[in-house]
Every structure is written in C-alpha cells, then in structure tokens.
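Here come two complexes built around chain A, the first alongside chain B, the second alongside chain C.
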Partner chain A sequence: MAKSFVGRFSDSFRLPLKDALFLGFCAVFAVLVRVVLRLHLHISGHAMIIKIFFLMLGRGSTPCRYGASFTALLAGTAAMFLGFAKAGPLIIVKYLMAGVVIDLAAFFLPAMFGSYVLCALVAGVASSTKFFSAYAINALVGMDPVVNLQRSLLEAAGAITFGIAGGLMVPMVICRLKAYGVIR
Partner chain B sequence: MLLALTLSCLAFVARTGVFLGALTAVNALVFLLLRPQGVSWWRQGRYFLFQSSIIVALYIIRFGSLAGIWDGLLISWQLFLAFWPSMVFAKTTSQAKIVRAMNRIMPSRMSFVLATCIKFAPHLLEEVQDIYEGQVLRGARILPRDLIKPWNWPDVVRCVIVPAVVQGMALAGNIALAARARDFGLYSKRTCWPGE
Partner chain C sequence: MGVLVQLKNFSYAYPEAQTPVLNDVSLEIEAGRCYCLTGPTGSGKTTLALALKGLLEKDDSSGEILCPRQSGRADFRIGLVLQNPETQLLATTVGAEVAFGLENLCIDPAAMPDRVAAALSLADLRKPLDYPVARLSMGQKYRLLVAALLVMKPHLLILDEPAAQLDPEGLAALHQTLSDLKATGVAVVLCEHHPGPLLELIDQFWQLDEDGGLSDGRWQAPGQVPNLRLPEMTSDLSEAPVLLEVRDLAFMGHGEEAVWDGASFDIRRGQCVVVTGLNGTGKTTLLRVLAGFLKPSSGSVRIFNAEPVPQLLRGRLGCLFQNPHKQIFENTVREEIAFPLKRLGWPPDQRAARIEEALSFCGIESLSDDSPHKLSYGQKHLVAMASVLAPAPEMLFLDDPFAGLDCARQEDVMQVLTRWNRERGVTLLWTSHDPGQIPALADGHLHIEGGRIGWR
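Let's look at the complex of A and B:
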C-alpha cells in the first residue's frame, strides 16, 4: 500500500530520467565527497558545506520544483546504503528537512540562485534545520532540556556557518552553467 | 534492517544503567557475530569518547558540579547505542540486498536511479580526477598547497566544479538515453534479467 501510494505520488510529479539521474549524482556526491576529502575535522556541522551545496545545485540546475527534496531523499537513502549514516533512518529526515527549505525558498524566490545574499540566507535557514533534528534526537533519549538546547544550538551554529559557505558557492556555479548554455 | 531498527529504538526507551548494559551486550554480540569489515573497536570507541566529552562538559556546566557526570555519560551511552546498530547494519549488508529490500518500499524508478548513480559514481569520480589533473597541467592554482590561500578557492569552482557538473549532466543524459533504448519505463512494473 505504501509503495503504491509512493508510486502514484512520483507519477504525479514525474521527472525526466535525465534530470532524475543528475539529481541522483548530486545526492551520491553529497555523500561521497565528504568521504573522499576525508573531512574528519571533528568540528560540528562541517559536512553541511557539501550537503547544502549539492542540494542547492540540484534545485538550481534543474527545472524541477522539488529538486532539492528529491536530491535530499536520494542522499539520505544513499548514505544509509553506503554506511555513512550514524543516525540510521533519521539521516533521511535530516537531509529532507534542508531540502524542503531550499525548495520552498526557490518557490517563493525564483531568482535566488543568481544572488549571493539570498543563497547565503537560504543556506543559513536550511542549515538551521540541524537544530531541530539534533534537539529531537536528544529529547527522545531524555536529555536535560537546558543541556539539550545548548548542545543543539552549538551544533546548529557550526552547521549554519558551514552551510552559508556551501551556499555561497552555488551562484558562481549556476551563473557559469547559464553562461555556457548548459542550463536555462 | 529490522533488527537494527529495533535495537536503535530500544536505545531511545532505555533509561536505566541495567537496561543499557543489557542492550550493549546484545549489540556487542551482534557486532561479534557479524564482524563488519572496516569497523574497528577503536573507531567506535573514539566516536563514543568524543561525543561523551561534549555532553558531560555541558552537564557539568548546567548542574555546576560533578553530579552531572553520570547523567551525561548515560545520555551519550544511549545516543551511541541508538546509532551503533545502523552502522553495523550498513557495513554488513551488501548493496544488492539493501537495494532489493528498498525496492519493496520505494518506487522502482527511484531505486533504479539510486542504484545507477551509486554504480556510476566511481566512473564520474575518475572523470573529475582527470579534469583536476588536466587543469593542474594547464597551470590552475588548485593544488593543496595553493588552496591554503583563500583567494585561490574560486579557481576550484571555475576549473573543477563547473566542468564536473557539466560532465555529470552529460553522463546522466547518456545513461537516460541507454535506458530509453532498452525500453526503460515502458511498463509500470519493472522487469529485469532473470537472476539479477
């Protein structure tokens, strides 16, 4: 039943196979680049630079309205497949929250991929979803609310900083791709 | 997958040291039985120590005494047990088995996209590596020693990331063309070669 619902849902939002595959590459690279670059910095949120960059790239380089969410869904699933998901199935929710924020922002601000300020702003908001996921997980295990708030804020601060850095790379790439006529 | 999910969920409801101890024993038993490749005790322990030190420090700041140490350790132990089964599951289950399992809950088109992208990712990585080496030979300032200077960072975007994205789009187009030539998507139920 769940599969038929998802099938009907995906049929109603059918995406050309080429775009779907490109978003799939963005998703897989969002997971792989972190490993290839060996970014074991032990700085909270450093993975956000790659995550936000590829999610925004997925949305900005395809006409698909839910490109970032689709990329996020694939990236979360790929992270589980490839064994980089510390949080298990929750990794999908983590990616998806950032993806939905980017899609919503792109829906209301269609010109955002040409603006550094807007991209940085949206990247910051998308990265701040880390706060909610971290808070929810800690609350589930029964962490003291004050400590939970402090820890989640710490994690979110790092994520926002790196997320903005990732978001700032996007307009440069999108402008170049537009200049070369690769995307419209 | 079900065992990993059950063990993760149990870690969230475990509140006492005894329950957590029992759960740790079960997790350790599963870990020893499955013996995942590439997961070492040292790596697992390092992750636990790093996480615990932050949580315990925050608890000490919050309660102003050493009384928070036990509570902090309990929470970080719980968090570690919530994530550990998933790590073991991912390391011990083959990609084909996971794809087959996901195919039961995901649309076949989506699982095809994901499986294809994972399969072709090393190929695309090689192409990105070729682009990088070509740009280095052309004199682009993208060697690790050049990237210490932040003003060279835009060169990475211009010389490597943009061509890599174009290459990714071209590869996606070629795979889509090959799939269409094999009548991919003609039937709602995916068909495949027997035994695959």
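Let's look at the complex of A and C:
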C-alpha cells in the first residue's frame, strides 16, 4: 500500500522533459532579464513586473500543477547565489510565496490565463506577498512595528502595481504561443 | 519483398481539433515499391508522413505503427523531407548539412567527403561543400535535404511535395535516383498533387478523403474547372503607363558572382508577366530587388515612378513570398487578413467586408478562426495570398503562387488572379520554377537562364 502511494505521489510530480525545459527557461529569464535590465529606478517593487510575468508564464504554458512554484524555486535559488535584493536565502521564500499563490489560483481558476481581468487579479494577489516578506525581513532587523507596517504596505503597493502590469502581459503571450503550437 | 512499415487502424487528432485528421488508417509499405499519397489541400498527407516517421505524439493517436524489419536491427532508417525544407535545415553550409547524418551514424570522418559528394550528385545539387545554406533557393534547399537523407541510406524515403519545389531538371534527376533506390529495395512514399515525371515510378496510389480515411486510388478534384476563358482586354496594354522600369540591373551573389546582370525591361499597368527559371537562377532575388528589399549591385529600378522603398509602396504593391511561414504571424486567419487593412487605416465596417471577400475568393472561410500556423503548407499559402490581396494593391509580386496547392485550389487561385488582372487592372508579376507551364493569362514571359534575364 505504501509502495502504491509512493508510486502515485511520484507520478503526480512527474514532469515531461518539454515542460521541465520550459519551466527552466522561465526561471532563467526571470533572473537574466533582471540582471541585464538592472534599472536603478528607486521605485519600490519594479522588479515584480518581470518576476510575476515569468512565474505566471511558467504555470500558464505547462499543465504542471506546481509550475509556478517550481519556476520560483529555481529562480529564487539562482537569485540567492547572484545576491539579488540583499535578502540572502530569504529571497527563495519571496519567490516561492508568489509562485504558490499563482499555482493555487490556477488550480481553482483553470481558465485564468485566457482572461486579462483574472490574470491581473491573480498577479495583484501574488505580488501582495511582498508585504509579508518585507515585514518579516524588517522585523528581523528590529524595525519598530508601526514603522515596519507602514513601510511594508508602501512596498507592497508598489509591488502590486508592477505585478499587475506583469500579469496583464501573460494572456497575450500565452495566446500567441498557443497559436504557434508551441504550447497546448 | 518484406513489409517495412505497417499501420493498423491508426487515427490521429491534433490537440484542440474537433475531428481526427487521420481516421482508422491501415496500410502496408513493402520494400522496393513506390507509393503516392494524394488528397485535397489540408487533407492530412503531411500528418500521415509524420506518423510513418514516428513524429506524432502518442497521446493524441490510437492504433498501431509496426516496423517488422526494425526488430533486432539498429540500422532501420526512415527518411522524411518535409514540404517546407527550411524547417529541417540544421547546418550553415551544404557539406555540414549532408555530413550531419553521417556524424550521427558514427561514420569514419575520412569516408565522409566521398559519400557527401556522391549524395549531392544524386540530388543534382552542384554547389561547393562550404556554400552557405542561407543562400540556396527553396528548390536547392529541397535537393540538399534529399541529399542529406540519401547519404544515410534509408530503407524508406518519404518525400512531401517534391514537384512543388523542384524544377524539371531536379525532378528528372530525382526520377533516376528513386528508380535506382527502388531497384535496391528501398521503399518510397510521395505525398504529391502533381507527380509529373515521377508518375511512371509509382506502383500504388492512396487517397485521403476529407474525413481522414485512406483508400486505394488517386484523388481527383471534384468537378474540375475547365481552362478559363479569358475576358477580353478592355484597353491596349502598349498604350498603358509603365509601372515598373528596370535598366541594366545586376545583383551579385556569393563570392562576387553575378546572380544575373544586364536586365532591362518595362512592365505596364494591367500586364501579367511570368518570370520562369530553374531552381537557384534568382527569381526570388529579382522580386526582392524590384520590391526594394534588396539593393542591386548596379542598374536602376523605378516602380510607380520612384525608387523602390518598401514603406512607400505599402498598399500599392503586394508581395506573396514563396515560403508562407515568412509572412504569417497573427493568431487567427481572420486577424492575419485584417493586419494590412488595419495598418492602412481602413474603417472597421469596410475592413470586415473586405476580410469576408478575401476569405471567400481564396476558399478559406471555414478556416477563419483557426491558427494559421497549424494549417497545411497549401492552406498557409492561401492565407498569405488572401492577406496580400485584401488591401487591393495596384501591383502584385507572387513568388510561386501555386506551390503546394491541389488542382482545384490552383484553378480557384487562377480565377481570382484572372479577375483581378482583367477586371480590376491589377498588374501581376509572378514566378514559376517550371518554364513549361505558362498560364494563358500571361501576356509577357521573362526567362532567367545563365545569368541573363530576357523576354521570350
């Protein structure tokens, strides 16, 4: 019985090579675009546009139920080694939280990648995880709770704005990839 | 002779398609025989070729594909040349492309040059081994792929629409090669609308119907239209204004060798001129130079009394490329046809009416909401033609407009071009790789041979 459970569990996590390559591509680009376009805009949350776009693209272009989380894990690990965002290993958690939100949304709303409204909504919710990561990091360094709350809310507001922009690009790209037969 | 490949009750449906493209297909391919697969444009000939090669996803298919000779043999090989050779090319030079298969078979490098040269000779491609693939014409690319497969000594050779790409000389060489291969026990499958000189090699015809069923026999277009009766010209073309003026035009190719030079001719409004020449003589290059996409080495071109600048010719000149993949990019057929009209600022109501008209005269109404990228080569050609015709240009450059179309579709397209030329006065300049097939519509014939362009 234990063997059959392990077998079923393993089957549910099996990833075809094509999907694995596509998720890897999304993760690499999520990091690479940020490296190449290192924009010192001093606008909080502007990196979210790239992050949300590639995480949603990873989930939308593969039937894999954990596509966004897997992409987030890969991208977060790469970002950690490249020293992004001065967050150390916590950057993996930052990526992963957004990825899990996208995967959950895709599970309950399977048609969301064809809708601009749903993509924008999910992107906004996924970006709002920035609040929790920012609050946790600030609390760890000993910031006053009231100041921390205000600062984290401001950072989250910026992240949500840019995240929605990233989410709005997804249906167009998914539609084009489907038309070309690159994805199903 | 033994059976090489067997299909048993094989069915295949493309993802998201309502009906299967291949439906309960059963066939046997025996060694040393030549088969010809016929059927209307878009009936699934290429899909069946992909199935025989084992390139279709198993999740979307049912039935069995058996290769009895494969059991216990690691060297059983099936070679497939697709209709659009550009999808299969991997290397940058002719020699590297042909040698690629040998490298995969771990052949001794010292033995490769002779085998590569022999394969190129069989495919009638006389180019140096370091010649860039990008500079070959479509027909030459097709020959290169045939050579790349012959060099690996396949047991089954599948050729998708060879006559659509090869000139009469290429077909004659292919005829000889296939005849020799048959004698050595190689099976050949041709997916072909017009077998032409290859007809005498064919042992058995198959036909695919529109429901995806396969039966014996050769498909004939239902109710084929007899040759068109051309409407009388309304005016004397010799008095018409000159739209295209070419003087001492030359274009240098690879290694400073002239593709053609000293070309001088005029084309008047309302004329229909056909440019013929064998594969690689520079027909496509000529159209590109005339449209302003390529700069000539010397000489002058004046089109609509001005230098050819593509941006300025938008809406007045329509270009249909030989390879439809190069001009199709929208998500649906309807959007593809709408694109040039949007760019030209047509109002939505006029645009919708013109799109319906373009869909109708190309006979692709049923495909309007499909992705153009997933259609057959012939259907893509029709979509590209509809998008070129939609803005009603004054002049049309058509690069091999009949490639990959069945007889019925060719007649349809011919009717459309005739109407546009004779009734609307649209000037046509089109190319053909078969100098023997000059349509009755043509009132001028330019021929390219030995680097010279002249009237015939």
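In this section, the second predicted complex is superposed on the first by the 170 of 184 C-alpha atoms of A that agree within 3 Å, B and C clash if a C-alpha of one lies under 4 Å from a C-alpha of the other, contacts with A are read in each partner's own complex, and residues count from 1 in each chain.
The rule is simple: a residue touches a chain if its C-beta (ideal position, glycine included) is under 8 Å from a C-beta of that chain, and two chains touch if they have at least 3 such contacts.
Since this is a predicted model, take the numbers as computed values, not measurements.
Look at chain A after the overlay: chain B and chain C fit there side by side.
Within the superposed three-chain model, A:180 lies in touch with chain B and with chain C [touch as defined at top]. Of the two partner chains placed around the shared chain by superposition, chain B is the only one that A:169 touches, whereas chain C remains out of contact. Ranking chain B and chain C by residues of chain A touched puts B first. Using the contact criterion defined above for the overlaid structures, shared-chain residue A:118 touches neither chain B nor chain C, since it reaches no partner.
In the superposition on chain A, A:18 makes contact with chain B only, not with chain C. In the superposed model, the vertex angle chain B-chain A-chain C (Cα centres) comes to 100 degrees (nearest 10).
In the superposition on chain A, no contact is made by A:136 with either chain B or chain C. Measuring only between alpha carbons, the smallest separation of chain B from chain C in this overlay is 9 Å. Residues 176, 180 of chain A are contacted both by chain B in one complex and by chain C in the other.
Those residues of chain A whose C-beta lies close enough to touch chain B in the complex are 2-3, 6-7, 10, 16-29, 32, 36, 42, 57, 61, 73-74, 77-78, 80-89, 137-138, 140-144, 146-147, 150-151, 154, 169, 172-173, 176-177, 180, 182.
Across the complex, chain C is touched by residues 175-176, 178-181, 184 of chain A. By the touch criterion stated above, chain B contacts chain A in their complex at residues 4-5, 8, 11-12, 15, 47, 50, 54-55, 58-59, 61-62, 71-72, 75, 78-79, 82-83, 85-87, 89-91, 95, 98-99, 102, 104-107, 109-110, 113-114, 116-118, 120-121, 124-125, 154, 157-158, 161-162, 165-166, 168-169, 171-173, 175-176, 179-180, 184-185, 188. Against chain A, the residues of chain C that register as touching in their complex are 15-16, 330-332, 371-374.
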